[in-house]
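In what follows, chain A forms one complex with chain B and a second complex with chain C.
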Partner chain A sequence: MATVCKKKNFSLKVLSRNPDNYKRETKLDIHRAPQNPEAYLHPFALDREYQRALNATKLERVFAKPFLCGLEGHKDSIEVLAKFPTRLAHILSAASDGEIRLWDLSTKKCVSSVVAHHGLVHGLCSHRTGQYFISCGQDANIKFWGCSEEGQISPDPLKTLLTKQVYQCVDHHEKEDIFVTCGQSLDVWIGDRSQPLQSYKWGLDSMHYVRFNRIETHLVAAAADDRSIMLYDTRGSSAVQKLIMKMKTNAISWNPMQAFVFTAACDDYNLYTYDVRNLRMATNKHEDHIAAVMDVDYAPTGKEFVTAGYDKCVRIFNAVEGHSRDIYTTKRMQRVNHVLWSMDNKYILSGSDEMSIRLWKAKASEKLGVMKPREKTAFNTTEVLKKTFKDYPEIRRISRHRHVPKMIYHHKQEMRDIKESQKRKESNRRFHSKPGAVPFQPERKKQVVEVKD
Partner chain B sequence: MELSKKNEGQEKQKINYFFPKEPDKRGGAKFSFSRRPNENVTEKPVPEERMKKWRKGDKAKGFAKTYFHTNKIRAREEIFEKVAEKSARSELLCVEETGGLEGDKTYEITQNDIKESSDEATQQKIFDLRLDKFGPYRLDYTRNGRHLLIGGAKGHVAAFDWQTKRLHCEINVMETVSDVKWLHQETMFAVAQKKWVYIYDNQGIEIHCLKHLDMALRLEFLPYHFLLCSSSAKGYLSYLDVSIGKEVAGICTKQGRLDVMAVNPQSAIVHLGHPTGVVSLWTPNMKEPAAKVLCHASALRDVAVDASGIYMATTGMDRRLKIFDLRMYKELSRFQYIRRHCPGLLDFSQKGILAVSRDNVVEISLPRSHKPDKPYIYHRADRLVADLMFCPYEDVLGIGHGWGFSSIVVPGAGEPNYDAMEANPFQSRSQRKQTEVHMLLDKVRPEMITLDGQIGQVDVKTAQEAAEERLKKKYLKPDKVDFTPKNKMKGASSASKIVQRKKGVQEQHLRAAVREIVRTKQVEGKLNTRNKNRKDLEPSALDRLKKKSV
Partner chain C sequence: ETFADEAEIDDVKHEQLLNAVFALNGRKRNTNVIRGLSSTCSSVDLFVHARGTSKIQLRDLNLKQSKRQSQLKKPRSGFETEKAQRQVARDTLASEMSKWDPVVHEIRAATQTVFSKRPHGIKMYEAVQSQPFTPRTALEKEIYEALGKSEDIIHPNQELTTAEQRALNVMSVKEAKQRRAELLRHHELLSRVELKAKWQNKIKSKRYRKTVRKEKVMAEKKLLEELQKENPEAFLERLGQIEKERVEERFTLKHKGGGKFSRMHKAYSKFDDKTREAFQEMLQKSRELTKKQQEVSSCEDDNGDTNTNEADKNENTVASNDAGENDDAKKTEYRVSQLEFLKAVNRKACGWLDVNRTFVHSQLVSETNKEGPRKNRNSESKEKAVVEVTLQPVEDKILDDKDVDENDSDVKMKVTMEELFNDEDLVEQFLTEKADAEDKNLPKHDTKLPGWGNWAGPDYSKSKERKKQKTITSHRQRTQQDNVWLNPNRDMSIRKLQPKTLPFPYTSLQQYEASVRQPISRGFVRETAHKLLTKPEIVLKLGHIVGPLEKDDYFKSA
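Showing the complex of A and B:
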């Protein structure tokens, strides 16, 4: 409003708001909300955001209820878990009594089951199309099982291969009709042949775990009983590399997004992430378990992985961090032998000694189900806030706190003491010896004994 | 050739963002909302001068310890830059303009002149309430500037929407009223009465009697902390959390009667004025003042802090008006009034306009251009002025005086563009309820009121202590910590200060090195004495296997 008064010669402009410009026109409209980013109109903006982040962190802990359900039905301890690369809801599991079950996660029920082998089932893997899966067992058979779209397993195997040796693990190629089995040797099978196309052997010991790389699809990593991890190329005639560590490796998982990265679950309570281009030093050491790590599986995003511990817990690690971001336990869960991260990045499955498969949420406090856009935005906002203020002492304390079983809590402290005393001893030794005689050795290098080409 | 033909064909076509697709046989969408492929939309960059206003600090220089972290910081800075750019671009959406009054002698322009030459809505804002029985009056506007609360010293309290002139309630509390204050919204207000502070709702029903706060003379409310502060005749400063009804802090200031109080809206620090001419700054977390500023050589009349929290104005019995910079606690300017005139009450508007009362006169001056003899606007009230307050988001100054209340128009006083997320003059009832819930959820804890905001700062002190702790542990590889002094705010990074800070760090390293040497020597000494003791025995061939000191 600007006017000019002639009498006293002044021009006047007064703030005069027309309410019509600020109110909504009809009841069906949304309210008008003009904004002004001027700093002085937003006092304590940072303090309020901090408060919001704090509240969000607290709520996250309040809603952290990861356990969804137990999948009951097996009559013996779980031997293997396997997922279908192209089906979200279906999961395969095999038990020590030779039974294979197919579970539907959306209904949380067993769809079909079949007694596949006499004695233990050692290995289980599915074909990329999901039309059939392969199992190998104590009875020295490799069996192919048909699997319908609805999850019905064919009552009889499509094909049975009688082998001379008992295979410990089986894995299928990502694209071609090739699969590998391992036992006394690493055998590559192709198409309809009843004899392996290729058989690799390096040293005397037997192998117990084998995995195909999902990107560099001909690369295979195998873990052997002589504490070694071997890399093979299925197109070549001999092994590529062999890494010998101080302790045995129980399981290996390739990073699905980075072709050259794999993580090994080791008997020395730790996991080691390696870059295949340089095996002399791990790129990361993941500690926190207080007993042997039995299994590891990457999330489909490649950013996180889940581990199964002999210490009766499941832990989730950020792939680039040295300590776990979360731990899942229940009172009744016994030694966990197998874990799986579902292909939709939302769920985790764990198979443990007491014949039960457990279904967990990958993010403990995540809300399941359909969300409205506003809700989704609110969650996104709180995520960003939590990330922004994550290093503030109060927020870090709350977000890191976990109520763990007594056994784990005390054992963890013990481990910490052991580690500290070892370090002290080493430093004393260094102090009392010639300079340079006791060198500093990186933690990521200590476990490597030898690398052979 | 083909390519050029293709381009020609495209030019001839009409530009159409939403073009129909071939009708889908399966009944899918009939329109595709995608941009035409070859069309690039480039935004004009924001001029550097405008960006400068919105940037909140300098860019980080140099590199972090690792490449990874350097990149992380760079990525973060990119986001900050984007925020600044968006803020600069959103200036366009702030459509209302600040008011103004231009002419030769603006102080000669009366409210009547303004009334004659302004629109009807503005005319409505100039009004007087003749309430000569219960005065003098104290007043308070709500944070959105919509509602007004007045309280006469003899017990008359009234709350109303001053723009529509709709009365919420009018009561007589039958006691002396020394101050009135709205709480976080227009649903509740606090009245400091003769003995205790009472809280009423907007219908005038007494909800609470706060016996914690007795003999209160002044009330202030901190909306983001939900704290009601009162200063009492006995020298007590009390903080009461109105959301839980608990007294957060009760501080005995030992300064006598506290009848001068102001709040810094940016830091929630309470400024108390004392008869000694001292302004003391208080937080609820300390029993002692966080700072004291000697402002005047005589008793203080009033204190006011501006909306940006930078400037503080004080008036004293020595007939002076002073303006201070709160970042440095430095006097910026002072004005001496003539003998018969003594400046009294003060208030800053949102845009920094300062109103000063002396007796029944109110002088209003533009930011940082105070001239006692030639003010921006000069207004004479009916009686002695008892309270002054600018209405937020309006060009209006409310004056409480002996004969009631008058509202005058001061062009350019209020912020023209409000932020509906903070304060909304046009909010509906449901919006009000929603806001209340959000305010309670985001309530800032009273512990966070500090002289220098701690949340945004880097905690170098704790980091240094942790590093020192680490250095003590012999078995850890010594950490290299570089506490290079950063260029701080004005004044803090003079050459001598930098050297001082650097010296402090160097000294720590030196101390660590000395500690190392001492320890080595101790061990050496031990070995020597051990060997010496052995020397008493007969020398033997095995002596050469003895441990020698280095």
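Showing the complex of A and C:
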């Protein structure tokens, strides 16, 4: 009898192992002995890990040396800082005497400088290609300067636009050849034109800060002198919304990862993160500065931002948390006017009143340069351990500890006392008055006066 | 009267009827403005008026005033248009932004974000095909002429040399196969040998190098002997070579002093045995080299040379041994002198040194005569010397007497537990103690009234502390039994190190404890688990620009 054999599609079960897991890492190591990870064999695992976390926290504080270098050369206080979207090593800075300098961060030297304007330089921003940059000054000019790959600024501006008003700030579109300037009105300029394409205005007050949204690139946020933040849509011919707060906003920064989130740095010592769709209440209130906050900049990962304060310090906040994770100060650093977070997420630049720009590490105890794979794994493990045990009092105390100048320390205490007393008084008033007479007001709403539609 | 005549229709009632019908629908009737003639005015009048020169005035036309006056709306002011536009803009904005919600949620909730987009300006090129090597510079050409052209070299991509390949081509297939296998095996063996030699050369262990050197010397000897027997010419040549090497080494002048080796080792030879030995070896070598070989020059006999060489070598080895033995002898002498000194001391002390200890003296003497390892002897002698120097107090002798009367003391020590605790009422004592301790932990009533400085001033912080104390509740575990008291301070030391409140995202203690108890480090968890648990939150590439999110990556452009 003939039997028909069918060929079946058979599946073969194979053990698949990653040799990284059982082989020794280098030829200089001993061979790995397979360890039994059963819990009953490691009764002190928790304590040992806690100790490791504690040691890691201590080491973090030991190696927390964020200051890298100071860039000296300007002869007047730094007005603006600008970064290139296509270059990591080059930074632009403008001073109050109208000079613009281009710095190379890898050599920590000034590559070229040019006297751009008579008087203050109000705004500085680079073109999206990084081939040239735009500056606007007190002499009511907008100038286009070319800069080469090596960082040489063209000695004469490529183009000069004579404008009718003095513009306070410039910002360039993410994708197209459009830039926006703000002063008495918000003007949108396109390409080569010598007149603004469109001019927006709402109310009588002038605007002093403007920023394009990095993702939804038609959206613009502007801070005006009437303590308001205005949103404009450059596709339309009108504004979108106006948020009036109790105190003036000094700077705005859009989150580069989350399209509808922006953070505003206010004169009332706080920063507020807003969702564009609901300006009536901030999504987060970041407190820690003891004087007006002058500038904000988001990290390119969108998870943190850095702030410059009038109180001579630079603070780094986690985007979601209400208090700073780190503070950078120096005795020699005066009022910090501008901060930048570099595009590779590793460095922070601060420009201050004493004519110098400082380069800091974004993570104070980070090891710069290439890490070997074993270093990396050790680093990752310690990071996770620190995070796991971060609420334990010893570890929390050590990781939170910062040596801070006397002025800031005492001021902070004062602010705390003020806050406490206000809270107490409010609760007393509520207690001694008719129920409902003194309503609860969320902290994130207290700064909002009105949202104008 | 269902069908009424047209003439009898009452307009007003008709209107009312229509309204009622439409009202059933729920909607109001669409009444348009009808400009019609009133009953008073007839069409004839109009015509009459029109023919006339006088214009028709509006008041001549008795217009019906409709109830709802819907006027044309006033055109909006700038302010209002702007407001409307803003409303539109806000709505579009809201809808556009809300489509980003899922993306933002994902970003916020992600445990790891990897930024791996290529930075500006990086281009990808295809892998360049490797071209065969051609010498370009003069040096390369020279070397190629000398070595590269040769047919007996295996190039990296080949398995056999060109000469071998040519030979194979000539043979028959079967033969070629065999030969090929042979050749490949040969190459493999050679490569193995090569690798082994390479590794061996890298070994830095001193002991190994010494043994290797000794082996080489032995091999040389053997070779010379063989050559002497078999091939006298080669033997002569070899000797000549040896002589040449010797001369060269002597010429270098590195075996005496002044070189780096001698300078370094001179300093340390005082402290370290090994360096001293090495230094001595170096000096020996220099003596060997500089020794006048008078026999060599005078004697024409080849054998004589070898003999003298060998003799030299033997002499050297014997000399070294002698040196060792001399050292040994010196040491024994020292020890013996020590012993004598101690004996003298003992005599002077009038027998204060214990009899037992003096017995050790004799032991030591016997041991020095034995041949044991030098080191052990040294240490032993040192130890025993220390022991011997101490003087025994007389009281020890009394203790010795006591050791003899052991049984009596044991009997005396035996006392009943009852007798011991006869006088004390332990249970009552314990209870009072327990009560006191419990009371201590309770919050006390502060009879002291708040005085000056309570809310501000020098005592301010103290008052705060007192408040804190009041709020602390005592953790008392009551037990049924009276004779047990669980110390509430047992966990105090560790409670200081533990968190006091449940941290934010956790809702129960078990959750938090589980998250903390989960080990992360390598030994406590398997490798794959370790890698998963220690994933970094942000993965960036060094030197790469991290740009903002691209809209095109998430949404199709319209």
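Convention: the second predicted complex is superposed on the first by the 422 of 453 C-alpha atoms of A that agree within 3 Å, B and C clash if a C-alpha of one lies under 4 Å from a C-alpha of the other, contacts with A are read in each partner's own complex, and residues count from 1 in each chain.
In the analysis below, a residue touches a chain if its C-beta (ideal position, glycine included) is under 8 Å from a C-beta of that chain, and two chains touch if they have at least 3 such contacts.
What you see is a predicted model; the values in this text were computed from it and never measured.
Enquirer: Tell me the contact category for A:247 with respect to chain B and chain C: first, second, both or neither.
Expert: After superposing on A, A:247 lies clear of both chain B and chain C.
Enquirer: Return first, second, both or neither, reflecting whether A:140 touches chain B, chain C, both chains, or no partner chain.
Expert: So A:140 meets neither chain B nor chain C here.
Enquirer: Quick one: is A:415 in contact with chain B, with chain C, with both, or with neither? Answer first, second, both or neither.
Expert: After superposition on chain A, A:415 lies in contact with neither partner.
Enquirer: So, does A:35 touch the first partner chain B, the second partner chain C, both, or neither?
Expert: In the superposition, A:35 touches chain B and chain C alike.
Enquirer: Regarding the shared-chain residue A:407, is it in contact with chain B (first), chain C (second), both, or neither?
Expert: It touches nothing on chain B or chain C.
Enquirer: For A:453, is the partner it touches chain B (first), chain C (second), both, or none of the two (neither)?
Expert: Only chain C; A:453 stays clear of chain B.
Enquirer: What is the contact status of A:423 with respect to chain B (first) and chain C (second): first, second, both, or neither?
Expert: First partner only, chain B.
Enquirer: Among the partners chain B and chain C, which is in contact with a greater number of residues of chain A?
Expert: Larger number of chain A residues touched: C.
Enquirer: Can A:22 be said to touch chain B (first), chain C (second), both, or neither?
Expert: Touch status of A:22: both partners.
Enquirer: For A:55, using the defined touch cut-off, is the partner it touches chain B, chain C, both, or neither? Pick first, second, both or neither.
Expert: The first partner, chain B, only.
Enquirer: On chain A, what residues does chain B touch that chain C touches as well?
Expert: Residues 18, 22, 35, 37, 42, 46, 48, 52, which sit in both footprints.
Enquirer: Quick one: which bits of chain B touch chain A in the complex? Just the residue numbers, please.
Expert: 54, 87, 90, 93-94, 96-104, 106, 108-109, 113-114, 116-119, 121-122, 224, 265-266, 268, 307-309, 350, 394-395, 409, 411-412, 414-422, 424-428, 431, 441-445, 448, 453, 455-456, 474-477, 523
Enquirer: Residues of chain C touching chain A in their complex?
Expert: Residues in contact with chain A: 82-83, 85-90, 92-94, 96-98, 100, 103-104, 107-108, 113, 115, 120-121, 496-500, 503, 515-528, 530, 533-538, 540, 542-549, 551.
Enquirer: Where on chain A does chain B make contact in their complex?
Expert: 1, 3-5, 7-19, 22-23, 31-38, 40-44, 46-48, 50-52, 55, 420, 423-424, 426-428, 431, 440
Enquirer: Per the contact definition, I'd like the list of chain A residues that touch chain C in the complex.
Expert: 18, 20-22, 35, 37, 42, 45-46, 48-49, 52, 85-86, 88, 130, 174, 214-217, 219, 231, 233, 236-241, 256-261, 276-277, 300-303, 320, 343-345, 369-370, 377, 380-381, 383-385, 388-389, 391-394, 453
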